[in-house]
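To keep things clear, I will list the structure first and then write my remarks on it.
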């Protein structure tokens, strides 16, 4: 049987990779890809805590499903923002969107 | 080392390797395709964890809908097929250190927790997890409010996204 | 243990005793038996796929008042083998600028996504791949891999027509997926389970097509759109975009797409049978033995496939705006209304006698159908008056 | 339940191997005589002009967006549908309210003219 620690380490590593993507990518769509990785890492944790705890308590699975809904909403609104910005500014490079810095 | 553990390690390596490709590859469509590999690996993890419903939902929602939306968005926001210029920020090595530190911090914090290397009891055969989930989602003293709020959240996302992206004047 | 009443277990036991008798470890023997089962099932489907090529060509020929293949063997039955040999020895062209890995992966994924569906089809009470308790969503999941393969094929082959075809195809696929999922929820409600075996078992007394005829119809329409078949075959509108997403594929790679498409149509015929037409049930005939049940299921799947072909070769292609409007403004709301009504009536009537239950469900559907037709009639009357008003106004302006 | 997934995994592997072997057989047997004309992009014999990049119609994106939201919604409905048989009328009403809220989104998109093909 696989110990819980393996799942937790895997999800921590996935979270860190996602964080790196969010911080380093220049393209706004790629930043959203990084956020997806981080949300998935969180979901792995939720499901493994459900499995390794009391399986008759469904909180872990319910939270995971709510995270699916949140991820879907985040992608829908996030990509809509990116497209809206692209139409006005003709770029999706996050560094070049510096209107608010002035 | 049981067969299950070896299988887990292979899946984990595939997940982490493809996740690294997601954040480093230059071609954004390739990044989205690598993301699909990662998400599929996570679905396999859910299957290992006996969460069949979530494994299937992962494929339906992430690969069937979110990845498609990403690919559409990449195609919509490019003037040409090739990606020019650097894809990473100048200070990417600093970010790599931050990510490594985060991983180290999480690891340190987790291994100091006494439930860290807990093992699970065998999964009872014939346990109806989907039915349990349905009852948990509906029963008023469990998660009925999150259930309805999720609907409102999705409604808000739909209205907001449609309004932001395609507000014709 | 009897071969006639439980053939799969009979053969599995026989194989197991044989392999263990050779001194093989227990787990290895079990693995080999499972592997043999999978290989047999998939090979059976591939052989059937070859047969489907002949069926499709023969049926389309009859619809168009031709004879169809009739030279190779009796009734041209060996024609598909000639086709396969031709596809195999044909030169395989990869266009310049193609993304090699993705380009080669797409046809493989396309066929795989269809083959995967057969893992959960209950062929008979004791002959099935696996009784997955999330069967209905599994169908959607396998379908989403198919959608992905279309995008991959179009993007990697570096061709404008392919990309346009894929956009259209994917827009249609994902749009019609919603009514399809919504109608798959209805057998789930009626059977109280997502597993295909449970759904078929629930239809022992009465087929779900009687309890939910509107859902069965909606599922069929959505399935035809999912298959990209006429009247929803915009992805390969020959006069506009040549062949759609697989325009750059030649030889065996095209063959894989083609084989996948045919088997997909038959598979959806099969799922229509499983979800609504009672699966392997046919008035107690399935009790004669599992092999009879398999024949019944295949006959029903063939019927579904024939209905799909019938519609394909009779109805004209729709325009994309009509198609998407049809889905989002008609099929999706209808599917959800049917879903809500079925859930409500099922709960209200579940404690009554079975006659009242069946009559109640049927009457609800008939009533809803009448309301929908009335709304459509009112709508089309308004539309006709509007266009006639415009037409007479233009005529008046000309004078 | 893991045995079920093991079986599906086997199915996946064999389902991958069969198309791959078909491609391999074809690769071994078929002739390979590439030339630039043959390798060029097929556009009914016309010279290919420009990149393969076509203007992506934003309308496709809207449908993908609406699809995403409804897809997630149906995922919520499946557990509800499975456990419906043992639940009271109240639970059915909850599910109906859930669907109605989402249909309001569809109606919004419809009224805003987002579902029109322009």
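Letters A, B, C and D mark the chains in the order given here, with residues in each chain numbered from 1 onward.
By definition in this document, contacts are C-beta pairs under 8 Å (C-beta built on N, C-alpha and C of every residue); 3 or more make two chains touch, one makes a residue touch a chain.
Just so you know, these numbers come straight off a predicted model, no measurement behind them.
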| If you average the Cα atoms of each chain, whose average lands nearest the overall Cα average? | D
| B-C or B-D: which has the larger count of contacting C-beta pairs? | B-D
| query | Hey, how far is the Cα centre of subunit B from the one of subunit C, in Å? | reply | 29
| What whole-Å value do you get for the distance between subunit C and subunit D if each is reduced to the mean of its CA atoms? | 14
| query | Per the centroid of Cα atoms for each chain, what is the distance between subunit A and subunit D, given in Å? | reply | 21
| remark: Note: subunit C residues in touch with at least two other chains are 132-134, 137, 170, 174, 177, 194
| request: Give the residues of subunit A that touch two or more other chains, as numbers and ranges in rising order. | output: 65, 68-69, 72-73, 75-76, 80, 83
| query | On subunit D, where are the residues touching two or more other chains? | reply | 1, 4, 52, 56, 58, 60-61, 64-69, 71-72, 75-76, 78, 81-84, 86-87, 95
| query | Name the touching chain pairs, please: which are they? | reply | A-B, A-D, B-C, B-D, C-D
| said: Quick check on the complex: what are the subunit D residues that touch subunit C? | reply: 1, 4, 6-8, 10-12, 14-16, 18-20, 22-23, 25-27, 29-34, 36, 38-44, 52, 54, 56-57, 60, 63-64, 66-67, 70-71, 74-75, 77-78, 81-89, 92, 95-96, 99-100, 103, 106, 110, 115-117
| note | Within their complex, subunit B touches subunit C through residues 29, 33, 36, 52-53, 56-57, 59-60, 63-65, 67-68, 71, 128, 130
| note | As the complex stands, subunit D meets subunit A at residues 58, 61, 65, 68-69, 71-72, 75-76
| message | Quick check on the complex: what are the subunit A residues that touch subunit B? | response | 1-10, 12-21, 23-27, 29-30, 32-34, 36-37, 40, 43-44, 47-48, 50-52, 55-56, 58-59, 61-62, 64-66, 68-77, 79-84, 86, 90, 92, 95
| subunit B partner contacts - residues on subunit D that touch it in the complex | 1-2, 4-5, 51-53, 56, 58, 60-62, 64-69, 71-73, 75-76, 78-84, 86-87, 90-91, 94-95, 97-98, 101-102, 104-105, 108-109, 112, 114
